[in-house]
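In what follows, structures are represented as structure tokens.
What follows is chain A paired twice: with chain B in the first complex and chain C in the second.
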Partner chain A sequence: MAALGPTGRNAELARAPLSAAPSKRPHTHRALRTPLALTLLLVLVALAAPILAPASPIAQPDIVAQRSLPPSFAHLFGTDSYSRDVYARVLYGARVSLSVASLSVAIALLLGTCYGAIAAFAGGTVDRVLMRTLDVLLALPRLLLLLALSSFRDEVPFTYLVILLGFTGWYGVARNVRSEIQSQLTRDYLHAARATGVPRIRMLTRHILPHLIPVLAVYASLGVAQTIALEAGLSYLGFGVRAPNPSWGTIMHDGFSVVRDQWWLTVFPGLATLLAVLVCNWLGDALRDAFAPEQVPA
Partner chain B sequence: MTLSQLRSSQPVPAVGGGPLLNVQALHVAFPAGGGAIARAVDGISFTIAHGETVCLVGESGCGKSVTALSLLRLVPSPGRIEAGSAIHFNGLDLLTLPDEELRSIRGNRMAMIFQEPMTALNPVLSVGDQIAEVVRVHTKASRRDAWDKAVDMLGQVGIADPATRAKQYPHELSGGMRQRVMIAMALVLEPQFVIADEPTTALDVTIQAQILELLRELRARTGMALLLITHDLGVVAEMASRVIVMYAGQVVEEAPVEALFANASHPYTEGLLAAIPRLGADQARLTTIPGTVPAPTDWPTGCRFRERCAYAYDRCATEAPALVQIGSAHRVRCHLVQEPERRVRREPRA
Partner chain C sequence: MVFVAATAASVLIRTAPGDALTDEGTIGRMPAAVRATRRVQLGLDLPPAQQYVRRLRAYSRGDLGWSTSEERPVNEVLRERIPRTLWLMSLALAASLLMGIALGAWQGAHVGSRGDRAWSFVSLVLFSFPEFWIAIVLMLLFASWLGWFPTMGMTSDIAFESSSMRALLDRAHHLVLPWLSLTLIGTAYVARFQRAAMRDVFGAPFVQTARGKGLAEAAVRRHALRAALLPVIALGGMLVPSLFAGAVFVESIFAWPGMGLALLNATQGRDYDLVGAGIIVVSAMTVAGSFAAELLREVADPRTRRG
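Up next, the complex of A and B:
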């Protein structure tokens, strides 16, 4: 949530009595409000799953009488063939799906930022080698790579999946970070900072990194959206997290064979995935718009 | 806390009788495409005394800014200062100084005010932060003390309500205010020497006068030496005690300001002075110097100004003039000094 820092501070500035130019900030903030609130809601729902869910997601109360029930007041999203409550499973699934996505995106951001920063700062041959390597990596289809790597294991553990997704998701970040730093390096204010004797490390942390926040914030939210969908796809294909709690993709995978008779097994987790992806994409777009005016000094 | 207490205990070089800044045979070259080398600064020598204001004058492309950047060893890559050049500041050899020691001089004892206040401030840091950073980088001041110093400095450069302004970001300030912030940044540690690279070029005329007045006032208060780079002779007349005129990477004339305006001896200086529009003069057109500065990859043989000179004669094409002393502290690079009888106006060839 690093993105919130500058946003909040600028909101404060906009209210400052002396602000010279009429600021556009409050307007762009209004556009951020809804997607931000929805994202928080999503996270809250995942965190509050034990409170919100009527039953345990893994309990099998009565495998004969309560199996494969359609949605009703007792079971909002119905039950599956093991009599488990699908509503509870979807709520708990949010925890798995969201944490897989956000953790792997965090890894991707870290890797990509380091890689891009090294390329931009080193320049010359190092930069060329790193960028050509990146081209090669980008040429590998991510989904096939993921399938190949996860097929080594019968069951994909949570950590393994997070690492897999993280290590295959940083290419775009690296490119963006590199080009952003490169464009910053030619700016006058870095020259001016050098002229006032600012040391190199401080130049990176104080003068350049803040400029990366917009890029990273936008990438984070869009990346989470993409990874939720990707993880759902992987799980749906049978390479997802299983024990103890299912992810949305895993629930869909379980319902796949009976999708004609028991539509609720696939439709509800599918809708949840759709909703989460939409909200994250919306947030990404709103963040991009909110940061855009800041990029151009008035 | 006073500034001397704030400043870290670094050795202050003994101030001898010598000049504050001594530049000898400065050559700066940039590799240009196709193996050509652009000699942007081609053997410049000058000195600046403690507390002196010197103006460096010349048209675009004559090497003024590169000279200024060389003094802080900030020549943009791939340009480099060539062997044989020497820059001494307070007796310290700046060109052989280790990076870390040079860094401790930049912004501290020698500072620079840049031309473009719009782009020379970082848009994501508040202006107070940017001034305080200079204090934090060079002294042991606490965050709080550095901030207070920044606010105090903003007040000194004539910004009203400095405590509020310090929290604002560059895009919230006008051009004139941003230039004041740049000046505050440069002067916050009271450097002995400040380089101002066309500090008023990007500003409105009314603001220009205010900024120059501010610089003059701060100079008088702190006793700093000032190297003012400009192409505006009006600024020169107002600010300078001494003037260095550059053309095509060389010094062509150097004189105290009165001597220069009273007795400009190089045809280029003459041309610059004639090009100042005069109010009430019955002139249909503005006077110009015909032609442009030749390309630095290919300086002409002989005198570099001859193509544009109204007095050029055969000797100018074959023999490069030397910088000759013609009065106390007045030096000129022109053959006419030795052969005044050749001062016959003709149509320039360019």
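Up next, the complex of A and C:
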């Protein structure tokens, strides 16, 4: 993304006294505290689901008397049509939703970084071919591909979904990594490294990779946010994980046809999804403000 | 580029195990003999390479194949469905850009103020809404509980008998909630981007020059806005694919009979001709979106003009 005007820390300092609204960024790292704490809380809740949940997410205590109960003190979020406790299911759902999202984003970051690094280092024709390929991949509608690919199977196993999401989610990373490396390659310290004969691989791992961490961190949190929402959407449409252990999208899928009468099946897991996405986006924004002043498009 | 995307898509889809006639639902209803004839008619008995050549030849004639889920030519399905989705998407795109730019530009000019912080939080929340869930929430609130808007479809049955004005109003009435679902998220998306662009431009030397020579603040903002529009124009092109993804969800929730819903049914029914055609159409829309953004950029930014 071509930045307009000067960017980076020096530009930030230089412009601060002149701009009309004084920049309120001296305590940037403080702005990270709340989203970071909330992210940790989210992970903790997912990990502690067995302790926090009042019941098993798959237990069907009484399929006649306790089915489709509205929220009450006994069942905070109500029960579904198999008499399962929705509150427990939402808590356990955090595990599936969060792990699908973070694992697939990890894959995407790895793929994207390798691809971008190869393009930036190789340069010339290889770079041009790789970038054209990326253009084509970017033009493919991700959602349709995911729908088509997951409809091949009657059951979508966990790993298959993670791989699908990972392999369709790395294009943006590759682009950004490439341009970041390209801008680093013109810096003096890398000229020096090259002049002293540092091998390319070492140059990448020791000299460039640390510079990529801010960009990758921003990408990771915004990517996880996006993937949580995407996974929820896929599962909601019936194309996601179909395991006894639910994801938030699967719970909402169970409420698909009864959304008006049994709104609690859709509203509570949806709220959980919204909160998780919100926290991750918030973290991504804060990370970007703190470490990477340049625009990282989501 | 669209061509390459199309090829990639159809190859990928052809590697799928099973086809429309091995699907459980279809098998149950169809005698074996009929099924065999249909396979020959659709060319599904041929080896994959030959199927692929046939497909490309048909594509070059402008024939996108036969939709097994709707039992009519894909071209006909698309001709009927695409305009409905385009209506939804273009109205949402226009509204998102208008409101997002206005909101984001105001915020960018008042970074750090109470209003800016409040709106930043609101747009962060809206931006975090999954498309399908915002649609459900709007439907529950405004259609089911308040009853202000219809819950589904594109027209009421009465519309056919009433005057054209009433029919138009009826359509608009059906359009509000699907449109609002897409627009709320789109506006937040644009506003976030516009705010950052405006904030960055406010630090640029030319803005300081303008202030320095005593230009009125409103005029300074006008100058800054023009420069800050450029990244947002590029974003407008990138919005097309995400708006389409949103349309798939929103159409399925409001039973809006557009392309998104047709493609969703197609994937469920393993109607690969329609899915393939859908991927081609959406890729083309994406490319057209970035091309239009590129053109607009040249209009807005004299530096990028050639010659």
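Here is the rule we go by: the second predicted complex is superposed on the first by the 260 of 298 C-alpha atoms of A that agree within 3 Å, B and C clash if a C-alpha of one lies under 4 Å from a C-alpha of the other, contacts with A are read in each partner's own complex, and residues count from 1 in each chain.
As a working rule, a contact is a pair of C-beta atoms (placed from the backbone, for glycine too) under 8 Å apart; a residue touches a chain by one contact, two chains touch by 3 or more.
Everything numeric in this text was worked out from a predicted model, so none of it was measured.
Of the two partner chains placed by superposition, A:286 touches none, neither chain B nor chain C. Contacts of A:88 after superposition on the shared chain: neither chain B nor chain C is touched.
Within the superposed three-chain model, A:210 lies in touch with chain B and out of touch with chain C [touch as defined at top].
Applying the stated contact rule after C-alpha superposition, one finds that A:189 touches chain B and leaves chain C untouched. Here chain B and chain C are compared by how many residues of chain A each touches, and C touches more. Of the two partner chains, chain B is the only one touched by A:199; chain C is not. When the two complexes are superposed on chain A, the residues of chain A that touch both chain B and chain C are 6, 18-21, 23, 297. By the touch criterion stated above, chain A contacts chain B in their complex at residues 6, 13, 16-21, 23, 187-199, 202, 206-207, 210-211, 294, 297-298. For chain C in complex with chain A, the residues that touch the partner chain are 1-2, 4-5, 8-9, 12-13, 16-18, 110-113, 124-125, 127-133, 136-137, 139-140, 144, 193, 196-197, 200-205, 208, 211, 217, 227-228, 230-231, 235, 238, 241, 244-245, 248-249, 252, 263-264, 267-268, 270, 275, 278-279, 282-283, 286-287. Of all residues in chain B, those touching chain A in their complex are 72, 74, 76, 103-108, 111-112, 114, 116, 118-125, 133-134, 137-138, 161, 164-165, 167-174, 182, 185-186. Contacts from chain A toward chain C in the complex involve residues 1, 3-7, 11-12, 15, 18-24, 135-136, 138-145, 147-149, 151-152, 225, 229, 232-233, 236-239, 252, 259-260, 263, 266-267, 270, 273-274, 277-278, 281-282, 285, 295, 297.
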